[in-house]
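Across the two complexes that follow, chain A remains constant while its partner is chain B and subsequently chain C.
Then we have the complex of A and B:
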C-alpha cells in the first residue's frame, strides 16, 4: 500500500442512498481522496481516523482504564447475562452480518433489540403495517418518474446526491433530465431543495396530516369545507390534487418531517393512503428517505429473523413487538432497562435528555469506532473497525436493494470488526448460561 | 417570544457527526437558525446567544440568520445533544419522540455562554 491506488465502485457508508460509484484514492493505508462523493461522504471517508477509540476500555471505581478485548468481552457478557431486561440498541451503521449476530445475542440474553428506526422512520413502518406501501426501486424512479415530491425532507442536506443519481436531475431511459420532470417540495421552511423545486408548498409545522387529508378529499371529488388548511388557502390543495393526477409516474419521497411531527405514524398513514388513492387515477409510489446507510438492512435482518423490523422484546423467550412500549427511547426514559449494549450509535447524544439520563444510569457496553458521549458514559468500550471502510459486509439501500460494502483500508492495529466482537460476546454469554 | 423548534439534519452537522467533541460539531449543533424578522423582534443579531426553554429544559444556543426564510416563529436546530435538552421522550405510543414542532420560549441571552458538549452532558449525566 506504499503507492497510490484507486479503488472504484465503492459503496458509501453514510446515508441511505448508498451511492456505489465512489472512487477512492488510497496511499499508505489512508484514504487521500474520494471522487464522486458528496460533502457528507467526503467527511466520512476523510475523517475516518479522527476521534477514534483505539483500545478497549472499562470503568473501574468510576474511572476508565485500558484493557484488552478478552477481558472487555468477559465483562460485557457478564453484564448482559446478569441483566433482567437489557436494551440492545443501534445497529444501523453496521453490516447485516453484525445485525444477524445481534439478533441471536438479544434472544440469548432475553433483551430488547431495537435499531435507530425507532427514532427515524419507525412511525412510517407502523403506517406500512396499517395501509401497506406502493413502492419501487430507485432505478425505476430514475428511468420513469415525471413527478417527484419531497415531503418533509431536505435532500440537499441529508441525501445530497439523491436528486442527481435517482430523481429530478438524473438521466433515465425514458426521462432524460430535469426538463422532463416536475419537482414539488412540501416543507415548513424554504429549504435549499425547495428553492430548486418547480413548486414549493409551505405548510405550518404539524400541519402535514391536515394537508395530506385535504388532498385525499379533493381526489375523491369532495369539497373542502375549511378555507385555510395547514396555513394555506384550501384552493392550493385542489390545484395540487389535479397536478398529482396529471402525472404519468409520480413518486413521493417523505422524510422525518412526517415521522417526527405531531401525528407521527398517522402522518405517514395519510401519505401512503394518498399514494394508494392516486393509483386509481395514475401511477404513484412512495419511499421513505432513510438516514443511516444500513438502517434498512437492520429492518430487513430483524424482520427475517424475528418477524418484526425493530423494537423486538425477547424477555418472554419469544419475539414480541409493541413500539411505544418495547422501543429504545421509551424503555430508557421509563428506566426499565438494567443494562444496555450500544452498537455503532450514540444514543446519549441523540435521545431526548431525559431518556439519555435513564440510559446513563445503567451499565452500558458500547461497540463503536469513535469516541462519543455514549462511549464516555459507558462501563465497557470495545473499539471497532469502520464498516464500509475498514470492514466489509452487506448493506441495504433505502429502496431495499442489497449492496456489498468493502474493506478499503486496514483498521487501526489490533482493532476488531463488529461481527468478531459480537460473536465473542455471544459465545461468552452462552458459556455463562451453561451452554444452552 | 414563543417559537416552534424544528430539528433536522444539516450538512454541517452531518459532516461533523463522527467528531462529536470537535469545534466543528459544536458550531453546527449548538446553533439555531432564526427568521431575520424574528431576530429583529428579539433585538439581537446573528452570532449572539439566545436561551430556549420549555417544560423539559433550557439551553443557550448561538443565533444564526436563517437562509430559508420566511418562517416567522419557526426555529431550526440541527439534531444533537443541545436541542435534546428540550425534546420530549414521550413517543405517543410510536417509539418516536417528538423532535419537530416543539414549543419553546426564546429570549436573548447576553452574557450567557453556550456550553460545550462535556459541560452540557457532564452535568446531566453525573460526570460520566
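Then we have the complex of A and C:
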C-alpha cells in the first residue's frame, strides 16, 4: 500500500569512493532498499534512524538534561566565545557548505580548525608539501591502468567497490577487464585484498620505507647491497622494480599502512618519490585512499578559504599552519585547548588515549546525528541531520571530483542540519563578540 | 579615461543609479569628488588562475608560499593568505583594491567545474567567469574526427550550460591526451594517439563551433609547445590555421600568455625573443588577439592544464611537481618557479612580454596579463603598467638584468610608451570587448557602474618620468565602485559585496539537442566514472548567476 519511489544516481556518503550510482527505494520517509550499494553503504542507508540523538541536550550538574536548540546554541556560543584556544574538530563527514561555516566560526572565535586528516592521511599531505604528487582522477585508472598496486591498504574492507568501479575489475576504454590488468598488494599481513592479487608482497611491519627506497635504488640502476630488505630477499624488489618499469600505466593506491606506520610522512615521501621517479620511464600515478566521504572536501574548503588544508590556527587573527603544533591531536594531548566543538566526528573513540583524555577534560560541544562516546563526554549535544541522507550538500571524492549529495528523506522530527546549527552558533558568537 | 567611447583624458561627470551608469541623477545623489584623479572603468582581467582544482592543489602543495603574506580578519573582511596563490577572500579583496572588478578564471576542467564555482562563490566583490577546457576532450575529438561540427556544437553548448562556462578554452590540443600515456604533441599536424585527429583539426573544429554558437569570446588558446625554444613558429601557425574561417571584424582566436610561446632559438642557450615575428603577424592579421603573460622577478607558481610542460619544467629545475590528469578531458601540472634577473632565460622572457606589448600596434588586440600566477602574482600589475608607460622604468630594470640577454633583445631599442588611454584599453576596455561583455570596460550609459579612481592626475603627471607615482596610485585605488557601491576607499575595502558569475546559456535547435542527448547518454557512462545527471551544475549553485543567452540562429 505504501507509495514507493525510486531515486537514482544517489551519491553514497560513506567512504572516499563516493559511488554516485546508488538507487534508493523510499517509502513513507524511510529507505527500504539500496541498489548498487556495498555492505558499508547498505549499513549506512539502512540504519539511518538507529542510535540517533533526537533532542538537544546539555550537561547540568554533571547530568544530561534535554533542552532546545536555542538554549543549546546560546550555551555553545558562550563556551566558544569565552574560550582562549578552542579546537573545532571533525568536519570530514559533513557537507562543504557546513565546512565553510566552520571556517568562519573558527576565525570568529580565534580557535584552531582541524579535520580528521590529522589522524589519517595528514602525513601524506606533509609529504606532498615536500615532493609533490603525480595523480589523476579515478576514470584514468579505469581507462588505462595495466598495473595497480595497493600498498598498505585493504580496499576489500575499507572501499569495497573501489576495484570493480575504478580499478582492477573495471572496464575502461583501453583495458577491457581483469585479464588486462595486474594487481599487486604490498602489506604486512595477508588480507582479503592480498588474496585477490596477482602478486602479494608481504613486508615486515615498519619496513615500508626501506622497501620503497630499495625499489627507487633499483630504478636508478644502482645495486642493492643488502641481502634482506623489509624481511624479504632484496631480489624481490629488483623484480618488482622491473615490473613497475615494464607497465604502460601504473597506479599506486596507499593507505594507513604508510601514513601511520613507522616513518609516517617519510613513508609517503618515499612512495610519492618512487612514483615521480617512475615517470621518467613510464606513466605512473599515486592516490591516497581517503577514508571518509568528505575529508577531501574538508581539505579543499579549508585550503581555498585559508590557504591550508587542515590544522589551521586562527588565534592570531589570521591562518597559521604548523602540523604537530597546530593539529588537533597534538593540541588535545598537550591539554592546550580549553574548549572544543566537534562536528560529525567521534574523537573520543578515535584519538590516541592522551589526546582523548585532554579533550574530555574540557567543555565539548558536539554536533552529530548519533550517540557516540564523544556525545557522551560532551557538555552540549546538538543533534543533526545525516548529510547525504537527510540533508544535501557538496562532497569531494578521494580524487577531488566534486559531487552533490542529496536529501533523500526528512530528518527525525525537529532535527536541524549542520549548516543551520553552525550558522546559528556563528550568529550568536558574533553577537557576543560585538562585531570586533 | 574611457577609450571604448572615444574619451581620452576629459573631465566629466559620471552618474550612477541602480548599479548602472545613467545619463543623470538627482541633486540628492551622493557625490564623489574625483578631481585631478585618473578615472577608468573597473579592470577586466581576461586570464588569471584564481579558482578551481589546480589552484587549490597549488595552495595545498605550497604552504611556504603563504606563510609570510597574510591578512588579518577585520570587522569587514575575512582573514587569508596571499603571495602567488592567495586564498579566495584575499583574491577578491586584492583585485578590488587595485581597481579590478571582473576576473576570468581561464582553465576549468569540466568534471571539476563545480569546484571552480565553489571557489568563485567565495571570491568576494569581483564579477567572474570561467572557461571550460575542450582541447583534449574525448567527445570533442571524436566529433571533429568524424567531421561532425554540428554534433560538436551541440555538445559544446550542452557543456557550457552544464558547467556554467563562458568560453571555449583549448590547452595544448591533443598534447594532454598524449600526456595521459606519458607523451606529448609537438606540432599542429601530429596525430593524437588513439584518436584520429590533429591539433589543427581540433582548433579549426572548435573555431567553427564557436562561430556557429555565436559565443561572445573567441576560442582561447594555449598552443602546443609552450615553453619550448623555437615555439614561436608553431604559435604563428596556430594563429594562421583559422585565418580562412575567421569572420570579418571579429577575432577568431585568442592566444593566451603569448610570451611563453614566443621563443626563438634551438635550445636554452640560444634562446631569443620571437616577439617581433609574432607581433608582425598580429599586426597584419585582425582575426587574432593575444595577452602578454609578462613575467615578474619573484618566486611564484606555474600552474597550467599543460601537464607535459610542467613535467619538463620539473625535470629542468628539480623543484617539486604536482600533476593531476582528469579522465576523458584534460589535466593539470604545478611547479614552483623563481624568476631571476641575472638568469639569461628569465631576462629574455621578461623582454619578450614587453616587446609583444610594444610591437603590437593596436592596443585593442593585446592585453596586459601575467598569466597569474605563472608569470607572477596579479598584484604586480601596477609594475607592469609602469614598464609599459615608461622607457626609463624599463631601462632602470634592465640595468640589473643579465646583460647578455638584454643585448640580444629588441627591447632596449623600443621607445614606445603607453599612454593612460592605452593602459585603460589593454587592462579593461579591450578585454571587455574581446570577452563580449557589453556592459563592462567602459563608462557610457548602460554600462555596469564599475569605476576605478586612482590618485594620480593624468593631466599633470608624466608617466614616462614619474612612473613611480603611477605605480603607487594603481596599487591602491582611491575609490572603487562596483555596481554603484563604494567597495574600496583609500585603498582599503569599504564594503564587501558578492560578485556575479557570468556564463553562456548556449543553445542549439531542438533536433540537434535531441540527437546530442541520445549520443551523450550512451557514451557518458563509458567515458566517465560519474553519472551524467551528477555532472550537470544547477544554476542555483552559483551565488549570483548571470547567464548570457547565445546560440545557433533558429532556422
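Everything below uses one rule, namely that the second predicted complex is superposed on the first by the 434 of 436 C-alpha atoms of A that agree within 3 Å, B and C clash if a C-alpha of one lies under 4 Å from a C-alpha of the other, contacts with A are read in each partner's own complex, and residues count from 1 in each chain.
Keep in mind that, in the parts below, a contact is a pair of C-beta atoms (placed from the backbone, for glycine too) under 8 Å apart; a residue touches a chain by one contact, two chains touch by 3 or more.
If you're wondering where the values come from, they're calculated on a predicted model, not measured in any experiment.
In the superposition on chain A, A:43 makes contact with chain B only, not with chain C. In the superposition on chain A, A:118 makes contact with chain B only, not with chain C. In the superposition on chain A, contact of A:231 is made with neither chain B nor chain C. Once the two complexes are laid over each other on the shared chain, residue contacts for A:348 go to chain B alone; chain C is not touched. In the superposed pair of complexes, A:100 makes contact with chain C only, with no contact to chain B. In the superposition on chain A, contact is made by A:154 with chain B only, not with chain C. In the superposition on chain A, contact of A:335 is made with neither chain B nor chain C. Applying the stated contact rule after C-alpha superposition, one finds that A:360 touches chain B and leaves chain C untouched.
Across the two superposed structures, the residue set of chain A contacted by chain B and also by chain C is empty.
Contacts from chain A toward chain C in the complex involve residues 8-9, 11, 20-21, 96, 100, 104, 107-108, 125, 128-140, 142-144, 165-166, 173-174, 248-249, 276, 279-280, 282-283, 285, 299-301, 303-309, 314, 316-319, 321, 394, 396, 400-404, 435-436.
Looking at the complex, you find that chain A touches chain B at residues 14, 39-40, 42-44, 47, 50-51, 114, 118-120, 122-123, 126, 154, 156-158, 160, 188-192, 194, 202, 205-206, 256-257, 259-262, 264-265, 291, 310-311, 323-325, 327-330, 332-333, 346, 348-357, 360, 369-373, 376-377.
Residues 51, 53, 55-57, 59-64, 66-67, 70-73, 75, 78-81, 85-89, 111-112, 114-115, 118-119, 122, 180-182, 194, 311, 314-315, 320-328, 334-335, 526-531, 533-534 of chain C are the ones that touch chain A when the two sit in their complex.
Residues 4, 6-11, 14-16, 18-22, 56-57, 66, 68-71, 74, 76, 79-81, 84-85, 87-101, 117, 121, 124-126, 128 of chain B touch chain A in their complex.
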